[in-house]
Structure formats: C-alpha cells, structure tokens
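Below you'll find the structure I mean.
Per-chain numbering from 1; labels A, B, C and D assigned in written order.
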C-alpha cells in the first residue's frame, strides 16, 4: 500500500491506496471532485522528494505528499 | 579669520587664515609640502557642506574642513 | 536544520545566539526579519509547514563554501507585530552577503513547503492570493 | 541622527531597541552588521568620524516616505570580533528592503565622513588601500 498525505490547506485525511505508479494514483485521486482543483496547482513528493514524471513507480510503503501552492515568511 | 580643520588621518592642527575665497586658501595651503599630497585626494567642506567651486567666497568666522578619502564600516 | 517555533519567534534571543555562535571569521551579518503587519483586518497569520521537505530544501543553503546561512520559522498562530520568519547570512564581505540574503529569501518564498493563513475573527483562511505554485505542479491533473 | 559608540557597538542591545521601537506597521526589518574580521595580523580597527557632516549625510536616508532607516557607528578602537557598524532598514515589503539596505550601505561606504585605521601592535595605520576619494576631491590641488 502507498500512503498519500495532503498538505497545508487541503482539508483531507491521509489515505492508503494500492497503485503501481503515479499514473494510477492520478486516476484514483481524480475521482474526488474536491481534490481535482488542488491537483491542478499542486506538486507531488514521493518519499519527500519532488517528482515530475508520471511514470514514477510506487512500491509498498512509499509515501506520497500532495503540495499545494506555498507561502512562507 | 577663517578656521581650517584637517580631518581623519591628516596629522595637522587647525589653523586660522585671512582669505577671501577658496582660491586664496588653496595658495596658502599648498605652501605646506606635506599637505599637498592630501589636498590632491581631499574634498572640501565650508560650514559643513561640501563645495566644488574654487570661487566660493569665505568670510570672517567661516569654517573649512579638509576631508581625505573615507572608509566607514 | 531549520529552527521551528510554535507561534512568534523570540527574534532578539535567536539573533543573539546566532551572532555569538557564528560571527567569528565573518565580516558581515545580514539578518532578515519578517514581521506580521496589520493588514486587511487580520489579527495575525497562521502557518503549516512540512518539516522533512523544509529541511531538505534548506540543505543546499546550509553548506555554502563562502557563507553561513541560518533560519527560523513559526508554525501555528503568529499575532500582528510578532515575527514568523527570521534568517541571517554571514559572509566575509558585504557584496556576497547582499546577494545571498536576497537569493535565499526569494528561493524560500517560492519553494519552502510552508502554507500561510490569515487569522480573521479567529478563523484560519488560506492566503491563496499570496501562494506560489511549486515547480512541477499539476502533475496529477486530469 | 546617527548613534555613536566609543568602541564596539552593543549589537544585540541596539537591535533589540530598534526592533521594539520601529517594527509597528512594517513587514520586514533588514539589519546589516559589520564585524571586525581577523585579517592581515590586525588586532582591530580604529575610527575617526566627523559628526556634523555624518549627520548631514544621513539626513537624506532618515526621512524616506516608504522606509525607516537607523544606524550606529563606532569611534575609537574596535577589537577583532566586535562590531563597528550597524544599521537596519524597515519596510512594508521585502523588495524595497533589499534595495534600500544595499543602496544605503554602498552610499555610506562611499560618502560618510569616517576614517578607518588598522590596529597593528598598538599602532593606528590609516587604511589607505580601502579608502574612497570623495566626490569633488582635489579642489585645492595645486
């Protein structure tokens, strides 16, 4: 199982999903209408590194974070 | 009389001279061989304002300062 | 490592410690202090941060050959007049100090995984208008 | 008015006072702290300053419409590890803060009527190599 966490203002509890790569995760997450808006503007971290390739494989125990637009300071 | 002060590293006591303008002061000061080197790189203040015109008139009680190259901080 | 404080940062205490600890060998220290300013009727700001990636982001600034950079940030509520962000750059000369402090703060604003909320009447409202989309965003867009 | 200290500036004490006194209404405070660095066998630096023209020079920075600038400087001897120059810029936003701190310090270095000496074996040696000729210099050259 892959754990997915939604950071900052995305008001959603972490979920666990059974997916083999980010493409599969994308399909799962886009079923949630409220999440779609956030996915449009959010970056994706796998095991705390930002990834930019949809083919990134995911294995059991991997952690994905969804990072909405940031504003520190 | 016009009072002339030599600032910072110019090791010279203040003097009082009887001159009508900066051109006359220039002649007086250039008689001092040690001062000549400093005058080449120094700016001139009259009553605490930097002046750039040799024709600047001087009257009794005016204060002239000779400002060598600066380095604060 | 980023120093993290619940609520406002004790600015002077932290600056005092950094100044004592790091000044040797450097000719310039340039801090940046972010102060929560009264604006549009807010009572303050509030912050979430994701520490693992915040520290990861900070790593490239922590080990510069010609500078020492330190930073602190708040999480949770920070009232108007308090400080939520504090950093300082130590360099031998002022020139690289001015360059680094600006580059560092701009990179921080654009890339540090921190989320800001306005505090209005006790409610936390995401500061969407001031938020920056991260590089690579939209990867999971349908 | 420039704050003047005999010997090293009590940096944290002064920053504390400035921070408390001026932060209201501003979103950023950017100090610059000049530290006397061990270099070429010096024990420290020493300074002369001409206060009437230093304050006159500072006037144009004191009353900016969109920033508050404060500064302190030492006269006399300042040992290695101590600070001889401290200033801070308060602005609403960081952008003008970065611009002002740099412009201010560069103007200070080029135009403030202060003279620096290296302290070597108890002697004061004019730091000629680091000194800048003022605008209008050479007026009384023969």
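Things to note:
Everything that follows uses one rule, which is that a residue touches a chain if its C-beta (ideal position, glycine included) is under 8 Å from a C-beta of that chain, and two chains touch if they have at least 3 such contacts.
Computed from a prediction, not measured in an experiment: that's the story for all the values here.
Touching chain B and chain C at once are the following chains: D.
With centres defined as mean CA coordinates, chain B is found 73 Å away from chain A.
As a whole-number value, the distance joining the C-alpha centres of chain A and chain D reads 50 Å.
Centres computed as Cα averages put chain B at a distance of 25 Å from chain D.
Annotation for chain A: residues 73 touch two or more other chains. Residue positions of chain D touching 2 or more other chains: 34, 94, 105. Applying the touch definition to all chain combinations yields A-C, B-D, C-D. Here chain D touches chain C in the complex through residues 11-12, 15-16, 19, 23-38, 81, 92, 94, 97-98, 101-102, 105, going by the rule given at the top. The touching residues of chain C, when paired with chain A in their complex, are 34, 47-50, 52-53, 56, 73, 84-85, 105, 108-117, 126-128, 130-142.
On chain B, the positions that touch chain D within their shared complex are 7-9, 22, 25-26, 29-30, 36, 39-45, 48-52, 54, 65-73.
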